[in-house]
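Structures given as structure tokens follow.
Below, subunit A partners subunit B and then partners subunit C, in two separate complexes.
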Partner chain A sequence: MSVAPAVVSEKQRSNPVSHSRRGLVWLLPPLVVVAVFFGYPLVLVAGQSLTTDTGFGLGVWAEVLGSAEFRDAAGQTVLLALGATAGCVLLGTFLALVIAFVPFPGARTLSRLVDTVLAFPSFLIALAFTFLYGSAGVFGAGGFLYSPWGVLLAEITFYTPFVMRPALAAFGQVPGVHLDVAASLGARPWRVLGRVVLPAALPSLASGACLTLLLALNEFGIVLFLGAKGVTTLPMLVYGKGIVTFDFPAASVVALVDVAISLLLYGSYRVLAGRGRGAAVDAA
Partner chain B sequence: MLLWTRRSKVLLWLVFGVVFAVVVAAPLVMIVLASFAGHWTGVLPGGPTFGHYADALSGETFASLSVSIQTGVLAGTAAVLLGTWAALAAETAPRRVRHVADTLFHLPIAVPSVVLGLALLVAFSRPPLAFNGTRWIVLLGHLLILLPFAYSTVTAALARVDPQLAQAAPPPRG
Partner chain C sequence: MTPAVEFRGVSVHFGRTRALESLDLTVARGETLALLGPSGSGKSTALKALAGFVRPNAGRVFLDGEDVTDLPPHRRGLGVVVQSYALFPHMRVDANVAFGLKARRVPRAEVASRVAEVLDLVGMGAYARRFPRELSGGQQQRVALARALAIRPGVLLLDEPLSALDAALREDMIAELLRLRAELPDTTLVYVTHDQGEALALADRIAVMRDARLVEAGSCEQLYRRPASEFTASFLGAANLIPVDLVSEGTPATVRLGERVLTAEPTGALGPGPVALGVRPHRVGVGAPGADTLPALVRAVQWRGTGYRLDLELAGGATIRAEVSETFAVGAAVGVSIPDGCPLVGVGT
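Then we have the complex of A and B:
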């Protein structure tokens, strides 16, 4: 690898222009696909949101943003997502800490089991929860499942691996020697954790948390499946307005607000993931 | 490494075991149990049976399963092809273009899938491209959701490939 940079720069020097131009031409077809099938629909949604009964205007925006329904949904979405993220960070960090630093036989197998949860669709967790905590379930805990708490617990269960995996990767990179030195100097476990382990893993934990927040904000399967009373998140509102009542302009407004929040979060995630490179979740 | 005494370790493992059993294991176990349940009147399902699996592999359920698999295979293949193409092309593009392309190909992850669905409905229920109601709009939606994953996986893999490998290939002429 040590000679590689020299080779690359020589390559670029010998033929820089045609090299770049060839890359640009090849980049066009996938860009066209994304533009036509992703960009164009989103532009139409933006146009749709500006369509009022009388023509073009911000009427629908004012109406939707001013409605109590929208504000409740936005507040509930953010609260649920923040709660789920906090729960996932606590739980994921704890599980990863034990597996990484206080390992027991079979700990690695268990962590791989957690990874399989990543491959499941989220409504599967919701289905399992109805068996466990539903009105006819094993622990039929009187309506708990159909309250916001049920949705929160289901989201925490589903998204914990998204924090745990980068946490495990980051903990794996903390040299064991550092811990031994800290301990031999008389540091208590909590102190070692707070001063050595967590600072080293912070970028990875932050990027995992950011990804969880993004996914929890946009969670649809769990909320729809549990059908909890009074839990209407922004994605549910988009679905209700667009697919159920065919109010496309209003659905578009909610959708655009949702996209704006998501893009903001995704931007932060990219910055954080760049910092915790290597340990960040590889595309979840 | 963090804990040295046997007692504290065992205590910690106990907490871990309880948390793990409740949060991770219980839902998975329930799904598996329920899939074999012949009847479910008590606390736990009873009368183990393979009947549900037989049902799943016949008739209408099997048709749904088959559609799921077809959708997955088709959309997945298309996403891998397109994502690989995009990643390879972006790698040779100038630095600034590459950054823009990187952002663009990742964008579908950041857009909620419900919004993506709404956008596809709005865009493709009208001319010039009216294929709402066909299987193509479903495949298209899946393709867009999968594309960022394919793109970022190939990009990450390319970053680890030794640049000398490209040098070893015969130089292009013309």
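Then we have the complex of A and C:
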């Protein structure tokens, strides 16, 4: 029985054409899935975006991209996403540092709690914020919750664990002896943090930040649930054009722009995540 | 003269674990002291207490007469080299070496010259722009040494620095450390190791530790030739501990081994309990059975290149080890001779 696989393997080696055909067979199912569930809908959306009153053309693209509404939504989306990412990186890094390096009872429990928060839906945070900071909430603060700042705070709260998790993993891989040796060389704690700990964790922090930026850019639940006045993001614009006003070509244009930005960021995330793994292997 | 390093009743406990118990020890300026002991003996904990990496539960630590027990590591001015090298992986070799100098705000021009100076000292001048991952283990160890030396520490702490190297490289590094030792006569070295060969080669004095306590401290030759305890005799030089009957005390004492009466040198307080002769394997004579020898059987033979190592079972059942120049067949009956003048230690000391 044990000879058979070796024989097959030998045959494969002796016939590379047959081997590559087998490879294509295995490649086919995921390609079909991607084509049916992602490629085809995307083609439909792209086709829809090129549909004009007189047939096909770039008229809708020109109209949407030239509109103040789109520019405002794009600007607001990018600003909110960048703000949320910056806030998440600062807060997430700080909290991860405390959990990783400041010994206190319950640190491990807190670390596991972070994983739990990752499983929550985003609207739950918005709902909790409504109870806390809404007009009738415990800490009702006027219109704060229904402003861009409210959305920003909710997004930071929801997405911070997405930075904390890779940061905790990265900090966990920094050997304690590195900190000891750095201190013995005369480095004060802040210098050890800035020159030894954070550079070692930088690829992981960057990949966490990139993931957060990607998710915040496409955040829909929080913005919709809070219903913040004057806050229109690209996903909200897609929703408004497509579901409220039934302007599908315009909704498709906005959606495609959103997809393009997301893919660009996802590519960056993959590159940084790869470097993060490389750094972790080096550290080990 | 004020010692460079002094432990005064230092104890370190981790929860219920006693990692170091009442350590009293001094190291003179320019001296190399080896803390020698098996795993869990407390030697690394003593080093950590000295470096400030752990806070003693009791006792005080002094550097040049100053009580540094409460000082954080960055204010102690010690150089530390550890077994894993602990080079910062994201920094090149020169940046690693410059780390301590920059932390101490040494002027930039001086940083460059001192980095070049210490890298040349350890023979790594040509590797300044490499990353640690691009270096071999021995090269990384040299860089770690250069980094510790760059800050010109009065006391250099080396925690099992050669343990991660292969045997040949370890021999080279011992020679390298001896050369550095000669070039830095004023620097005090505290060298933690479990390898008696490293300790004997590098140290002026050895402090033997066991079970979180200091067993004894003394010059290498003193501990090797006249160990005051059973533990030191067996750990340092792998002496055979052969139980004997004490016939008469004194210096020398007289002991009985089987039918033979030998003279022996008591090296410490013998106490009322049983005593044993500490006999180094190379001092055990093996030949044909005779009237003046102890009957024994050869149980195992290992060829060691320069000679043979024999495991011998004495008539009473005790097993001893001998290192001889000629081989014997396994199972052969031989005669063992023990010379006069071997150290005599109390069993259990």
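In the analysis below, the second predicted complex is superposed on the first by the 257 of 284 C-alpha atoms of A that agree within 3 Å, B and C clash if a C-alpha of one lies under 4 Å from a C-alpha of the other, contacts with A are read in each partner's own complex, and residues count from 1 in each chain.
Just so we're on the same page, a residue touches a chain if its C-beta (ideal position, glycine included) is under 8 Å from a C-beta of that chain, and two chains touch if they have at least 3 such contacts.
Since we're looking at a predicted model, the values are computed, not measured.
Once the two structures are overlaid on subunit A, check if subunit B and subunit C clash or fit side by side.
With subunit A as the common anchor, subunit B and subunit C both fit in the superposed model.
Is A:Tyr266 touching the first partner subunit B, the second partner subunit C, both, or neither of them?
In the superposed model, A:Tyr266 contacts subunit B only, not subunit C.
Is A:Phe37 contacted by the first partner subunit B, the second partner subunit C, both or neither?
The first partner, subunit B, only.
Once the shared chain is lined up, is A:Arg191 touching subunit B (first), subunit C (second), both, or neither of them?
The answer is second: A:Arg191 touches subunit C but not subunit B.
First (subunit B), second (subunit C), both or neither: which does A:Ala251 touch?
first
May I ask you to decide whether A:Pro199 touches subunit B, subunit C, both, or neither, giving the answer as first, second, both or neither?
Touch status of A:Pro199: second partner only.
Take the Cα centre of subunit A as the vertex and report the angle out to the centres of subunit B and subunit C, nearest 10 degrees.
That angle rounds to 90 degrees.
Which of the two partners, first being subunit B and second being subunit C, lies in contact with A:Trp26: first, second, both, or neither?
In the superposed model, A:Trp26 contacts subunit B only, not subunit C.
For A:Asp180, decide between first (touching subunit B), second (touching subunit C), both and neither.
both
Who contacts more of subunit A, subunit B or subunit C?
Counting contacted residues of subunit A, the larger count belongs to B.
Going by the contact rule set out at the top, does A:Leu91 touch subunit B (first), subunit C (second), both, or neither?
Only subunit B; A:Leu91 stays clear of subunit C.
How far apart, in whole Å, are the nearest Cα atoms of subunit B and subunit C in the superposition?
7
List the residues of subunit A that touch subunit B in one complex and subunit C in the other.
180, 183, 282-283
Quick one: in the complex, what on subunit A touches subunit C?
Checking each residue of subunit A against subunit C gives 175, 177-178, 180-188, 191, 195-196, 199-200, 202, 279, 282-283.
Subunit A touches which residues of subunit B in the complex?
So the residues of subunit B in touch with subunit A come to 1-4, 8-9, 12-13, 16, 19-20, 23-28, 30-31, 33-34, 40, 43-44, 82-83, 85-86, 88-94, 97, 101, 104-116, 118-124, 140, 143-144, 147-149, 152-153, 156, 162-164, 167.
Write out the stretch or stretches of subunit A touching subunit B in their complex.
Subunit A residues touching subunit B: 1, 3-4, 7-8, 11, 19-20, 22-24, 26-27, 29-31, 33-34, 37-38, 40-42, 44-45, 48, 91, 94-95, 97-98, 101-102, 104, 110, 113-114, 117, 124-125, 127-129, 131-132, 136, 138, 156-157, 160, 176, 179-180, 183, 189, 192-193, 197, 214, 217-218, 220, 234-235, 238-239, 242-243, 248, 251-252, 255, 258-259, 262-263, 265-266, 270, 282-284.
Mind pulling up the subunit C residues that touch subunit A in the complex?
Listed in rising order, the residues are 48, 51-53, 72-74, 76-80, 82, 84, 86, 88-90, 99-100, 103-104, 133, 147-148, 151, 157.
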